[in-house]
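You will see subunit A twice below: alongside subunit B first, and alongside subunit C after that.
For the complex of A and B:
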């Protein structure tokens, strides 16, 4: 049975899109069938990591939600597209599909104004789990706890919460953890991103795991190389020996080894 | 005091160390001996100076005033050391005052007497010039060293600390007259201090202070979970997971 994994953060810019794209790629490299859905309809971002832009983007989640196409038509087959970047080129032939949200202002505006049927999104996700025989479906979400994010948490088999190690995020993460438990999410993983150097990381891990009673799968440092990469490539694949990449690999291993 | 004793004292002065004994002897005849009681002022800062002093016996302190008028001791000078040699060549006012710390004897050489001899003895003039030029050379070397160290410290490179003997930074014979040598030594000590503090800081790993406001946490949880949407979702979620499990 395939697993639905939502990636969530309380604040924007925490690194959801970068982490989701790289995690999905790491898992796909283990010859798993992997899908990624961008449910951040308000401010989509993950397509950039796969080299998609307005020119080469086909059907989108928005088209599906407006009844203009089937969910399967939205799929962008990452493994079939010739990639010329050092990271993405490793994915050639891998079973990895991206289901992007529209990046056209008009279409974003429309869906925000008119809303959409959250149940339809749900049906769509269940459909592509089956149709694409996915082992893992990653959902990149909008920060905070809006309706589609709550939905993605509700239907997830695993929720990964990314947080920065500061009190604002601890507070927000606490609420998300409570929600996940209330919605009976079977498995909860935490990961820290943008950790500044100079901290005792073992102590950090113990404190966070103690406070939330959940596994902290990785502590990824704040890193200027990654910031300079500016989401242009899959950093964990192009630069696997970097500390950021090695910590993310631990999270991927936690995903793969979860029952 | 015997002139010979005075000659021996004068020989200790850099300027005169290369001077033939005969010439030193001539200088010695011009030297006047002065006794200072404890706390007696030899000269004050700002006074016009026209003589050089050699401490023959005892101790004096070199003093200036801080901004509030309090006394600051720059240095303590003992037997065999010289004070105010620049006054022999220029007419500048004294840059600091000198006070006897105990009963002290000094030898005084007046500028006019020195000049008279200088006119008769071109070799003495040469010797003085040589002494100045070698001081200048040392000063230049020291400035180059300080420049180099400053650049390295700015780049976080402290490797030179291990290769440098603090002793080699200061030329013994120049002792207290050598202000740049002193600056270099102080600068080096400062770099050692900075490096040590930096190392201490590196050792102190910070610890997280994790704080959660539990009342706020409950309140936000209730705000989200009290909607109809949420109640509906919670029911559906159970069903959906069950459906998917059953299908397998």
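For the complex of A and C:
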């Protein structure tokens, strides 16, 4: 059975979607069958990293939740269509599928207004694991704690929490760690993003691992090159020798080496 | 045969409307019940023999005796957190998650938003 990896941050702006897209791509490059589901229904964004926009997006998670299509119809085959940027072109032929959420305001509003069947969302996630014979399913969650985020955590084999070296993030991460432990998530990893260069990263690692009693798999530095990329491409794939990319590769290795 | 499946599906649908568990409720369950629910969340649906086998295959410290498993299944079914179809060895269990409620914002806000978005076909 494949593994479900939820990527979460308590607060917004941590680089969660960017990191998720790059992690999934790094794992797919190891010839694994990988899916990415955007359960950030209220504020979807990960599709941008794969060159999708409102005009070229097909069926979405919203369509599935409204009974308009099967979950398999939502799949966007990144490996078949991604050869249009330096980073994504490396994914040609790889088994990587994106299951995007709608970027149309009306469809986002409909979900917020009417709610949705959580059983159906869970059934969809488990079905696509089987139908696509996935080794890994990455779930890009909404920041903070809401229904789909808690469901994602509850069904996960691994939870990766992204935080910035910031006291607000530290307190929020403590909440998420508590919830994850009370839901018996088998494996918990932390990663720091947007760390200010010049800090003693070893000291930071020791402090964070001590505070949360969990493995810190990578510390990604704050940098202008990534900001300049502006989600136009998969930075860790197009620029593999950058420090940010090398640190993210460590997280991907931790995912691949987990039991 | 389609009639039988339709009736079963209708029975499941009716029971699902009666309530269900939220992911946050899972965190407050006793460990044995939570273990069963986590298993069911991944498997979606299992019959009694499959459940017994899955519990036996868990690490030794997570095993449940048959009476404890039966008691746990009874509790979960009574709460409508699991839907039970059939009885005894032939029972089939399905997880029942509570529907996510819609927003409590006044209806007028949504109509106004809808009207504005309809003016923009790309939205």
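Convention: the second predicted complex is superposed on the first by the 258 of 259 C-alpha atoms of A that agree within 3 Å, B and C clash if a C-alpha of one lies under 4 Å from a C-alpha of the other, contacts with A are read in each partner's own complex, and residues count from 1 in each chain.
To be clear about the criterion, contacts are C-beta pairs under 8 Å (C-beta built on N, C-alpha and C of every residue); 3 or more make two chains touch, one makes a residue touch a chain.
Worth saying up front: this structure is predicted, and the values here are computed from it rather than measured.
Subunit B and subunit C, once both complexes are superposed via subunit A, clash. In the overlay built on the shared chain, the residue A:91 is in contact with neither subunit B nor subunit C. Residue contacts after overlaying the shared chain place A:104 against subunit C, while subunit B stays out of touching range. Of the two partner chains placed by superposition, only subunit B is touched by A:207; subunit C is not. Once the two complexes are laid over each other on the shared chain, residue contacts for A:182 go to subunit B and to subunit C alike.
Within the superposed three-chain model, A:174 lies in touch with subunit B and out of touch with subunit C [touch as defined at top]. Look at A:123: by the touch rule set out above, it reaches subunit C but stays clear of subunit B. Of the two partner chains placed by superposition, only subunit C is touched by A:113; subunit B is not. Contacts of A:48 after superposition: neither subunit B nor subunit C is touched. When the two complexes are overlaid on their common chain A, residue A:154 makes contact with subunit B and with subunit C alike. For the contact definition in use here, the residues of subunit A common to its subunit B contact set and its subunit C contact set are 1, 122, 126, 147, 150-151, 154-155, 179, 182-184. On subunit B, the positions that touch subunit A within their shared complex are 205-213, 216-217, 220-221, 224-225, 229-230, 233-234, 236-238, 240-241, 244-245, 247-248.
Across the complex, subunit C is touched by residues 1, 54-55, 104-106, 109, 112-119, 122-123, 126, 147-148, 150-151, 153-155, 179, 182-184 of subunit A.
By the touch criterion stated above, subunit C contacts subunit A in their complex at residues 16, 20, 22-24, 26-28, 31, 34-35, 38, 41-44, 95-103, 105, 110, 113-114, 117-118, 120, 122-123. Contacts from subunit A toward subunit B in the complex involve residues 1, 122, 126, 129, 145, 147, 150-151, 154-155, 157, 165, 167, 170-171, 174-175, 178-179, 182-184, 186, 198-200, 203-204, 207-208, 211.
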